[in-house]
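Chains here go by letter, A, B, C and D, matching the order in which they are written, and residues are numbered from 1 within each.
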Amino acid sequence: MNSTAPPAPPWHITEWLNSASPLSLEGLRGKVIMLEVFQMLCPGCVSHGLPQAQRVAEQFDPAEVAVLGLHSVFEHHAVMTPAALRAFVHEQRLRFPIGIDEPDGREEMPLTMKAYQMQGTPTLILIDKQGRLRLQRFGAVSDLYLGAGIAQLVCESGLPIDRSAPLSEVADAGCNETGCAPPVR
Amino acid sequence: MNSTAPPAPPWHITEWLNSASPLSLEGLRGKVIMLEVFQMLCPGCVSHGLPQAQRVAEQFDPAEVAVLGLHSVFEHHAVMTPAALRAFVHEQRLRFPIGIDEPDGREEMPLTMKAYQMQGTPTLILIDKQGRLRLQRFGAVSDLYLGAGIAQLVCESGLPIDRSAPLSEVADAGCNETGCAPPVR
Amino acid sequence: MNSTAPPAPPWHITEWLNSASPLSLEGLRGKVIMLEVFQMLCPGCVSHGLPQAQRVAEQFDPAEVAVLGLHSVFEHHAVMTPAALRAFVHEQRLRFPIGIDEPDGREEMPLTMKAYQMQGTPTLILIDKQGRLRLQRFGAVSDLYLGAGIAQLVCESGLPIDRSAPLSEVADAGCNETGCAPPVR
Amino acid sequence: MNSTAPPAPPWHITEWLNSASPLSLEGLRGKVIMLEVFQMLCPGCVSHGLPQAQRVAEQFDPAEVAVLGLHSVFEHHAVMTPAALRAFVHEQRLRFPIGIDEPDGREEMPLTMKAYQMQGTPTLILIDKQGRLRLQRFGAVSDLYLGAGIAQLVCESGLPIDRSAPLSEVADAGCNETGCAPPVR
């Protein structure tokens, strides 16, 4: 745990799929949150990120770990609509809650993606029990690393300690072939 | 080769992607045709069928083997539109020609899919140099089997012979978990 | 952590590869230990268990996690000799220390395997910082589960607490096709 | 088919596993032969080459295609003995005939390996119905390519024709990480 980790910025969500009611950082306080940020037409998201999120949702205790998807559309806005996403989620049999990131009105990066300064999709985010941003990684992350990272955050007590955590890094990797990065504007 | 194999039914295509001009069975006579029938939101198509078609397109000589996609939408018509398909093809970096199967006007099975009596997506079809339907298989096919099947059709001379071909079977398998089958109507 | 977890039985090792000096439970106290129990001719060990152990050795901090192999021969004794093992370890490029489980003199199960009542190979064992046996699993374990299990043990403080740990189970699974189980004697 | 392809050199085999009687090029005339040359401690052979040979043996008609293994030991001679190979073949559940390449008496390359000027293991060899060497490839070969290559040789008539065959190339690739190459002597 790292007392210097920044608080995770609030989410801007227009609609939730697979959830009876809206979800928020505050409402999930006390749980570790894994946020899988994706676009339904991003190949690396479909082949790697989303199946991995599904595995995490199936393995960890939902009382301890909340697995959420975030559909952050920054390209092909006309076709990656909420209706298209619903069909995609149905066909992919995704069961965890998925929020739709709020468009910025100019067909650029949606608001949550912008607030977190993400580099593209897929992006994996881990938020600790106290709502702090502990890992943000663009591209593919191994199951071994992810399992360890989540378990570490689950294991931490709720009180901040002073040791720097190896997981609090923020990725600075450029775009790779399995990920989609938005154009710099 | 099998002199009793039926002629492949004609295609009903509203639009071609990745092709400067329309393609037809007649125009491709003399080549072996591999037809990968898919829907952009069908998980088994995205994870298996389309990458396999891409591998075939890269390995075989285009003067001998024509690899084509066929987008046969029988569900979620409102979101698997031509515009959505174009974005999908762009993001998946598919390079081979892809035809859009003509809708039947009632949001049921499109016309080519109906003419071939397909069971769902993905469906793999092999058509020989003389335009006869030699293999139609619903679901996943191994690379080893497919490589052998294509090479056999490439190797055949253009003249019919009387030996029954092991590849001319038509699959009767029901729907499996990686494939999408339309409802019986 | 679980104050009721049993102490890990001592190891009976005739020789260590990839280690300048012998290793022991006592000498590793304070570290989490992952023990990959294998036979060099066991297919599931070669295809799954040993590559996974290598990944763990590369990812985790050796100051916190000790990854060890244990060559526990219960069949084909005449050919799975120390010399054969050395050639195998060299060709597979395994870098972590590997101990040779002491034969029982009757070509049955070696002594450490017997002391832990293992069901066959591969068997994955996790021992906590205090030397207690926390996980023993015959057959394949997912990277996600293993990463989480190791991180949980790393995160625990050194003092026993009273909550039962989800990882302290001992597998009772029978033999599966990727694992080798010795005959019951 | 290629009338200029060289005849495959004869094999030097000390013992056959999985075969009631010795096999030879002459005895297999009329069949396409796939020869998987391996060492039991070669990682790329165990992970890729041998499972692929097993798949070929299961898919193709044994009346048309003979799948054979060749154990060509050029290193670790003391431990890759016939007895060790028998244990390996049993545990890996290999069903196709496997010949043991005759040692040269100086612990260098065995005789068949030398006669074919192989570069290491795994090496894949295809021999046509007339006993000519049509493909020799060191390292991994894709299922798609291999399936096509075998089917092409099966399809050929028994009479030589004058067209150069795309499969008659002999690989000149150096050693890669999945293959083992002997030292140059």
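Quick note on the criterion: a contact is a pair of C-beta atoms (placed from the backbone, for glycine too) under 8 Å apart; a residue touches a chain by one contact, two chains touch by 3 or more.
The structure displayed is predicted, hence computed values, not measured ones.
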Any chain in contact with chain A as well as chain B: none
Contact-graph distance - origin chain B, target chain C: 2
Most distant chain from chain A by Cα centroid: D
Interchain centroid distance [CA atoms averaged], chain A/chain D, Å: 49
Mean-CA-position distance for chain C and chain A (Å): 35
Multi-partner residues of chain D (at least 2 other chains): none
Touch-based graph of the chains, sorted into line, ring, star, complete or other: ring
Parts of chain C lying in touch with chain D, wherever the complex brings them together: 41-43, 46-47, 75-76, 78-81, 83-84, 87-88, 91-93, 180
Chain B-facing residues of chain D, complex: 55-56, 59-60, 142-152, 154-156
